[in-house]
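The two complexes that follow have chain A in common; it is paired with chain B in the first and with chain C in the second.
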Partner chain A sequence: MKRRVQVVICRTCSGAADVLDVDRLLRVASDAPYVGSAVIVNYACNKKSISEIVDDAKSKEVDRLLLVPCSKKDVSPTLFQAYVKKAKMNEFLMETVDLVGEAALPHRDDPARAQAKAEAKLLAAIARTALLEPLHKITEDMRTKNVVVIGAGVAGVEAATTAANLGMHTIIIEKSEKKLKVPGVMMTKSRVISTEGHAGNYSLSIEAGEKRETLECAAVVVASGGDWSDAERRFIDAAPDSKPLYQLDRDVSEGKTPDGTVIIIDTPDPEGARTAAQDFAWEEALDCAIEIRKKSPATEVYLLFQEMRAMGLAELAYKEAAGLGVTFVRYDAKRPPEFDSEDGNRVTVLDMAQDETLSIAFDALYYASVSPNPDNIAIADALRIPMSPSGGIRRGSIQRGPVTTLRPGIFVCGSAKFPKSEGMARLEGRAAGLLAAQFAAAGEVESGGSVAEVAPEKCSACLTCVRTCPYEAPFIGVAGKAEIAIQMCQGCGMCAGICPSKAIELHHFTDEQLLTEAAVYLRGDF
Partner chain B sequence: MPDREPKIVGFCCEKHGIDSVDLAARSGRQYDSSIRLVRVPCTGRVDGTHLLKALEEGADAVFVLGCLEKNCYYDTGSIEGRKRVAYVKSMLSEVGIEPERVEMFNASSSMSWKFSEIASNMVKVAARLGPIGSRGGGR
Partner chain C sequence: MIIAERKPLGEIAMMVAPHEKVTVIGCRSCVAICLAGGEKEVDTLVSAMKLKSMNEGRTQYFDGFVLERQCEKEWVKEVEDKILAADVVLSMSCSLGAQTIGDLYPEKIVVPGLNTAMFGVPEEQGVWSEKCLGCGDCIIHTTGGICPIARCAKSMLNGPCGGSSNGHCEVNLEIECAWYAIYERLKLQDRLDLMDTVRPPKEWSTSHSGGRRVIVREDAKLTPHQIRGKEASL
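Then we have the complex of A and B:
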């Protein structure tokens, strides 16, 4: 390999903020080892500049590019894909360095040090770029356009309908016998047992009644919902007639309002042992309270909440409810409401706002929160996705998107994560349906590139990598040494960081690349 | 006080970590320029030798910056990162080097204020301790 770097400095970006001396940066780059060409362009993200850069790359016979733009995220990916293609360069030999975000902007008060730092960082980036290796991605066709939705509740039906409208073939897996008119296929009395394969080509084992089936799919949406059964509630003994809030919501919308005194409490378990107070119910509770007071002014309504954070426009509902005479009681989770053991319809609670203990005789009690679905454990286990400590399916980092899970191609929506209002569940169902459809519609999945690789001669088969990888990519192969399933590897490098025998290398972030970058950067005095 | 500026290396994850740095910069936050960031895909990629090598190459202090533990892009990456840092700290204590020279931090991409705090934290540590060995500690 030639290891000749082309350094392209974008004047618009690097000169932004008027802190850095771009021409000096160019001189530093020109004199650095491995640099075959260093040029300044006025504006890098532009077609004309790209062809200039490609021509320069060809005439100077460089094999890699270091672009000095603003942030990596601001670089137009399509333009630079075009560059890579035209210059016949491997895409992993193109690197960027952000001198603006890391030197110019945060040190504009001290331009001399900012310049010195930018120069050191540029040299470190050149050293790193020189060490990059060409890497290759693998594309695999998806065998189906199937989107499997687990659960036929509000969120699940919405997800399936959305994905089906976008041309996907949807299959709903529902544990009960309920029959619904939904697009695609609905399998009742079914559940997912296990999963094989990887994103784009998952293969699910389904138990449908007595039968076992294998179902191929491109993407999965988990919409298992909350636990709507009334098991083990703290209030069940004390207040046997207590009901979940959604029933009140339904009754009220059908014009049926309860008589006497109504209490709406945030959670059936105020100490939070089983269900923490949830943040979804404020709006629904307010709406119900308002409707009841409007339709039957004789009915007293108490809202017992640890916190009432009516957000956004719900603030108006809060105001309206207060105006209609709804009583708000804020209580402390450490001093939860007490139910009278003799008189099941009386509750004593310390109102924190008034510092006054209230004893309220009520006729109906509704609780807002619901428990997580106990089926989540089996579902998470079957799909190999993590759960949250509260018993829901854990969503992926917010940077992956709002309804994602850790695993690409598997989405989660509605109360499967934690209790949601009906409206929110529907919205999330739509989001998950859209993302799953978008994922499946691509028709192919990419893997490889910056992934981990084991040097078998160094591996002592200690299984550390197998246990550490969140994606279950490493496995012990037939030779008794660890191997990494490329299609599963997400390139985080945790296995490389932890392997006690230093047998794993993460491509594109090798020890040599990282340590060289740090060492060169440290050589700069500023 | 040594007559040179402190040298600090930060291994920073490419997800929430670098986003918080970017946001700090774009929100006009200023911090000491002694910080030298090296990007890693995830803080779980960092291993003890990276931190030790950086100290050996002349860094006065080294830190690792990753996603919040509950919102890590790779789920358990920043927990792994924290464990590696803790391990290196205990190793440093054993050989008589101040363990405060190595630290773990977490941020989410929306925390514009966090990075300048981290920077001033580490600069203070580096300024107080000086180069390794300068206070009688061995290298």
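Then we have the complex of A and C:
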């Protein structure tokens, strides 16, 4: 192996904050060991630059790339793929280092310090890149083209219909008696209790009453929804006929607008103990408020909230609603609104903006958020996928995988993540259905690469890895030593971290690579 | 297996402070499994000690090794040169390993890096519990397979003391009453009659009370002839 690194610095990103001296970075890189070529490009992420980089890589005979772009998380993987293909390079011989997020921005008031840190990080990344080893993936055929959708709510049905329309054999698992007729979709009243296998070849154990069955599938969509059950609501006594916002949404879209005074509040539990403030369906609340004010100007609308997060285009909706006379009341979570239904419905709330206590008599109350579905815990356990702190199913990166989970082949949509408006749930359902179908249609699945591997001569068969791995990838093989099922391993590194005999190494994150990187960084040179 | 726990860093530093060259030796068996003295713990300790010694202005050298089993002479001899080169050996195995090294190299100072705690089992990742005291005369066939000697704080032989409450032990409410567990187990096995069978006082001479125990298996020992043969072949 040549171990010659090509360092590509994106001027657009690295220079963006106007803190770093990009030309000096280039000199530092050029003088570093292992570096076969160091170049600056404008917009590393555009097609033209990629061909330039590839040409440079070929002429300088480098075998690996270190990209110095914007944030690591934002670099599109397709960019890498294009590069890898053209440069005929192993995809694991590539690294990125984020000098903007880690040096320029945090030290923007002290450019000298930012520059020093950036240079040290750059050298450390070069050292690490030089130590990378080419890794390979294996492919395996999928046994079925089944797509399983958990939950028959708005998002679930949309996901199932989409997958079925794309020719997948689709099964909905629904815990309630709900019956639906969706062409091409099978439905069973049951719950998932555990999963075996791995992406592309999952086998789910489902339980229907006494009966247990195994369901083979290529992909899974979690559409468990939120907790729409109206029980237990803290103020249901105070405002007995309060309803979830989606009810209002439906009425409004059917042309029925309420009369009198309408209150929309962010969460059913104003103290925020049960639902986080960010779980508010802001956009939907704004849309409803606007519709009501337009259709029946006599109806008063109040929006009670802890924090308004009208982002993107929703900001326009906020403006429009304010223009239409919707009253916004921001309250303090520690001093939640008080409800009283003795003499008609009345709410007393301290408006933080005006610092004045309002007492509003109202006719209808809608809450714009729901608790996470309590079933999420069991579902997450069964599918071995992580949850978010607010009790929803955790999704992947917002830019790259808003409907993916951290496990390949398992997707999530709608209020299973956190409360969504009906429209959004439908949209996400479609996206998740599409991705699941696409995943299943591929017919084969890749695994391996940055996974863990046991050095059998060091393993003392202590079972620590077997007990620790969240994906049940390690097992004790015939030789009485631990082995790791490549297809199951997600490369999380927990086993490598805890193995008391240091018998496990996570490829791409080996001790040597990490320690060298740290050492070079701390010393500031090789 | 044997369960041990690493001593606090300060205590270890104090034991090795007067010495310059410190050889740290771990064990891949019991203490690796209970995450106290395997390769990883040895590496971690060596790094920590280097930092501590540097911070406290001492000039010391630390080196770490791990043996398959530190309680067996043959394995220990594999690192003989490292032991002989050291001013002090810091053993990261249970005390059996530390004493094996000490007995082999009596002129060497050997200090324990771990506190040897018990014979126990891993209950779940990160939790170990004591199950046997090594009394030398096992009786668990009469107690539903649960050892009252180790699991009862008072090693009661015939049912619980008066302090058993709601399944917990009066000595520490966090631990379960062994006799409650025995009762439940015997009930499950439909052998409650064993609760009424009186166990006579135990013969404790097989335990540590009878002095240090040495077990000899004459049939397993090498004959003088075999020993001579082995020596000749060396």
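Keep this in mind: the second predicted complex is superposed on the first by the 323 of 526 C-alpha atoms of A that agree within 3 Å, B and C clash if a C-alpha of one lies under 4 Å from a C-alpha of the other, contacts with A are read in each partner's own complex, and residues count from 1 in each chain.
To be clear about the criterion, a contact is a pair of C-beta atoms (placed from the backbone, for glycine too) under 8 Å apart; a residue touches a chain by one contact, two chains touch by 3 or more.
The structure presented is a predicted model; accordingly, all values stated were derived computationally and were not measured.
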{"item": "First, second, both or neither for A:Leu514, with chain B first and chain C second", "value": "first"}
{"item": "Partner chain(s) touched by A:Ser397 [first = chain B, second = chain C, both, neither]", "value": "first"}
{"item": "Partner chain(s) touched by A:Ser501 [first = chain B, second = chain C, both, neither]", "value": "second"}
{"item": "Touching partner for A:Ser460 - first (chain B), second (chain C), both, neither", "value": "second"}
{"item": "Chain B or chain C, by number of chain A residues touched", "value": "B"}
{"item": "Touching partner for A:His107 - first (chain B), second (chain C), both, neither", "value": "first"}
{"item": "Partner chain(s) touched by A:Val262 [first = chain B, second = chain C, both, neither]", "value": "neither"}
{"item": "Chain B versus chain C as contact partner of A:Thr468, first or second or both or neither", "value": "both"}
{"item": "Touching partner for A:Pro386 - first (chain B), second (chain C), both, neither", "value": "first"}
{"item": "Doubly contacted chain A residues - partners chain C and chain B", "value": "468, 498"}
{"item": "Chain A-touching residues of chain B, taken from the complex the two chains share", "value": "4-5, 7, 9, 11, 15-16, 19, 21-22, 24-26, 28-31, 33-34, 36-38, 40-42, 44-47, 49-50, 53-54, 57-59, 67, 71-77, 80, 84, 108-109, 116"}
{"item": "Residues of chain C that touch chain A when the two form their complex", "value": "28-29, 32-33, 35, 38-41, 43, 66, 122, 124-125"}
{"item": "Of all residues in chain A, those that touch chain B in their complex", "value": "71, 73, 98, 100-103, 105-110, 113-114, 116-117, 120-121, 124, 386, 394, 396-400, 406, 450, 468, 470, 490-494, 496-498, 506, 509, 511, 514-515, 517-519, 521-526"}
{"item": "Interfacial residue positions of chain A with respect to chain C in the complex", "value": "458, 460, 462-464, 467-468, 498-502"}
